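The next part holds the structures, each set out as structure tokens.
In the two complexes that follow, chain A is the common piece, with chain B as its partner first and chain C second.
Here is the complex of A and B:
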């Protein structure tokens, strides 16, 4: 952890990151910090750039401009004799592996069992011996309540169970931070609860998380801070209590009013 | 007249030649799978040059007769100092020819893999090669099992061409018997039954594999 200046260094620092797709700024000069152990929820209408911003962080979608620091280390770029150059892919991969990511569509590998899905990264990326990887994968699966289903293939699991396996797969790699990209949006309503319960448990254990979500209840209850994005910009940043009761921007107010009108929450 | 004794006499030699046919089919099938996987990979992830070479290979194989390809390989091997390698030449020629078709099958299957699965592998830090080897190719093989089996039966039915370079597989054995006792109908009836039996084995094997893999398809 080069450049780590101790506890004061935020775990994540995004400095004016922008992402352009086809002549459009999908993410537009977004800056924020996340401290170790913090849970940050990113809210906003669909198409506001939340997911893309999240994918910038672990370099799945390298930002077009701006800088991201993980524990003080600049991501994706290094200094070669005073000139900024893209980091070699091997090093980008190593940086990316310090993040865990959970996707809306779970993205489990259908040809591997739950246990094998979790073991894969431990063996292939971390280079663990099979036995050790298996022990660790079993432990993580039981942490998300799926010890009994470890030999099931994804197709045999419910959406909620699949998402919990996906969380276990990310957790097993012992990331410094977990990124959630709308983890409950593809789930039937009755399955949302079990996934949120796992995420609550992680939050209670001081796992650092950035959660892009439409679950306002979860954000209000679990988040330490809420980021509100609209049209690629970070419009508002506030503790959830303040954001939900008295948002300072008109856009956030409109967003909340619309949600209220939709589902009476 | 159909002579029963000639029919029965042919069974023994044709059955032992069936072993050669099986070996040739398996060797050519393995080469086909390997060449197909390579060509499909080059076409999808091999950059401009890889895609060009791969496309050239596919159109060359599809645009020329297997018979000619076999002669080129056989005499090409002889030119390279490996003369008289009839089995090797036949396995190579049939395998590389079929590889062009396997490549097209696999390319379609690769394109059908949801990009999210590749992203999930990237997210945990897997390299491109590992993603290819652990996520993309296994699933491409599983989902192309039915068309790949069909391709393997075509390989099986192409093996008689090996008689051109005097590999004594089933058909050539039939030809040799027929030349001795003028029993064309009887001998080739045995040969035909042999191919049907082998094709059945292939189909059944593939069905049982497919059943095993059914769960694994997303």
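Here is the complex of A and C:
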């Protein structure tokens, strides 16, 4: 992407986004940028607002304040005769479809097979013909190593396989950026590796990703940058090498110490 | 036995008409009740408080009334308030009013059983509310609600017999007429009981098949 005119504009720019739930600022004036092809891991204790911040980005949880830009385009809001107005739902959906999202609980549709789960958005949202959608879905499923299980229902798949189908479902839509919300937190430890392997592969192919995770190993190896959140605030932003060896904030240090004590790593 | 058969042959056309009327009342009653249930369920989920209160009041009222009392109210009492209905219309209205709150509850429970994450995954991929309803919620909710709805449908089919007391010419009404002419109550009612049983059992078997079809993903084992 070097030399590309678009490279100058960050793919994502979050400008002081905040989210209030029941009188509490769950996300509090968080600002950051993500460049095209970058992998950003968001770390922090549970309840620090990481997931909510991620949901703000694709407007699943519209931010209470602040602005988000996707490739320079303001999300969720437009200008009507000099006044900021909420964007019509149809346009919000179109913007949201430029993101892919992978959930902690996979959220596959249990009444559809792996292949149908991946085809669904291609047919309903992208308006592809069935045959075309099927071909693309098959290709994406084989990319996550599940070509042989395409006709299985989610209940027939292991947690790791389900999450790989969920990644394929997001990937098939050819999003500009993938959002991962603790993608391995619901998995048995022995199944975490296969999901992380798929994510590593995506990172190697320069897919832009924001990953909320507790997998410190993954963050250390794969992330270009680490964002550390605590109590809704973005406390620290650093390359992983620097973050894990010498975090500049006391809160990040405490967080890492606690993890170290827990895992014995 | 020979006499019984003779009665059913002699009054065959009437019995068939009665059975057709019963089936038609069941279908129309079930469709109206289901439509009313969907409206009730939507109203119960409305953000407008008075509407929700109204639905609750109506539901409480119906749940506390025998269907016979409701039928009498609609057919004999409502005319003095200006609502004059034919026997068939009063019958359909009774079945609709009586069964819709139960069906609404079955639908509500089925929709509530679908995890929010299912809907969120649809939204995240760019689905609108209609696509979410049609592609994600409805197919799953239908499978969940079906056993309860089948039970209610069979209850409704059986309750069509009550409409004979306001002279709706369905199977039980015809039977009463035939009995009053032949003076063979035991044989005739036994034969009609068999007809009811065969039809309702066939209905139940058909619905179980549909249920199995809708829930095939749950039984799928690798």
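FYI, the second predicted complex is superposed on the first by the 260 of 265 C-alpha atoms of A that agree within 3 Å, B and C clash if a C-alpha of one lies under 4 Å from a C-alpha of the other, contacts with A are read in each partner's own complex, and residues count from 1 in each chain.
The rule is simple: a residue touches a chain if its C-beta (ideal position, glycine included) is under 8 Å from a C-beta of that chain, and two chains touch if they have at least 3 such contacts.
Note that the coordinates shown come from a computational prediction; the quantities given were computed from them, not determined experimentally.
Upon superposition of the two complexes on chain A, a steric clash is found between chain B and chain C. By the touch criterion stated above, A:110 is placed in contact with chain B and with chain C alike.
By the document's definition of touching, neither partner reaches A:24: not chain B, not chain C.
In the superposition on chain A, A:258 makes contact with neither chain B nor chain C.
Contacts of A:130 after superposition: neither chain B nor chain C is touched. Of the two partner chains, both chain B and chain C are touched by A:97.
Once the two complexes are laid over each other on the shared chain, residue contacts for A:85 go to neither chain B nor chain C.
Once the two complexes are laid over each other on the shared chain, residue contacts for A:170 go to chain B and to chain C alike.
Taken together, the two structures place residues 58, 60, 89-90, 93-94, 96-97, 99-101, 103, 105, 107-111, 120-121, 124-125, 153-156, 166, 169-170, 173 of chain A in contact with chain B in one case and with chain C in the other. Of all residues in chain B, those touching chain A in their complex are 114, 116-117, 119-128, 130, 134-135, 138-139, 142, 213, 215-218.
For chain C in complex with chain A, the residues that touch the partner chain are 115, 117-118, 120-121, 123-128, 131, 135-136, 139-140, 143, 217-218, 220-222.
Those residues of chain A that touch chain B in the complex are listed here as 58, 60, 89-90, 93-94, 96-97, 99-101, 103, 105, 107-111, 120-121, 124-125, 153-156, 166, 169-170, 173. Residue ranges on chain A touching chain C, taken from their complex, read 58, 60, 89-90, 93-94, 96-97, 99-101, 103, 105, 107-113, 120-121, 124-125, 152-156, 166, 169-170, 173.
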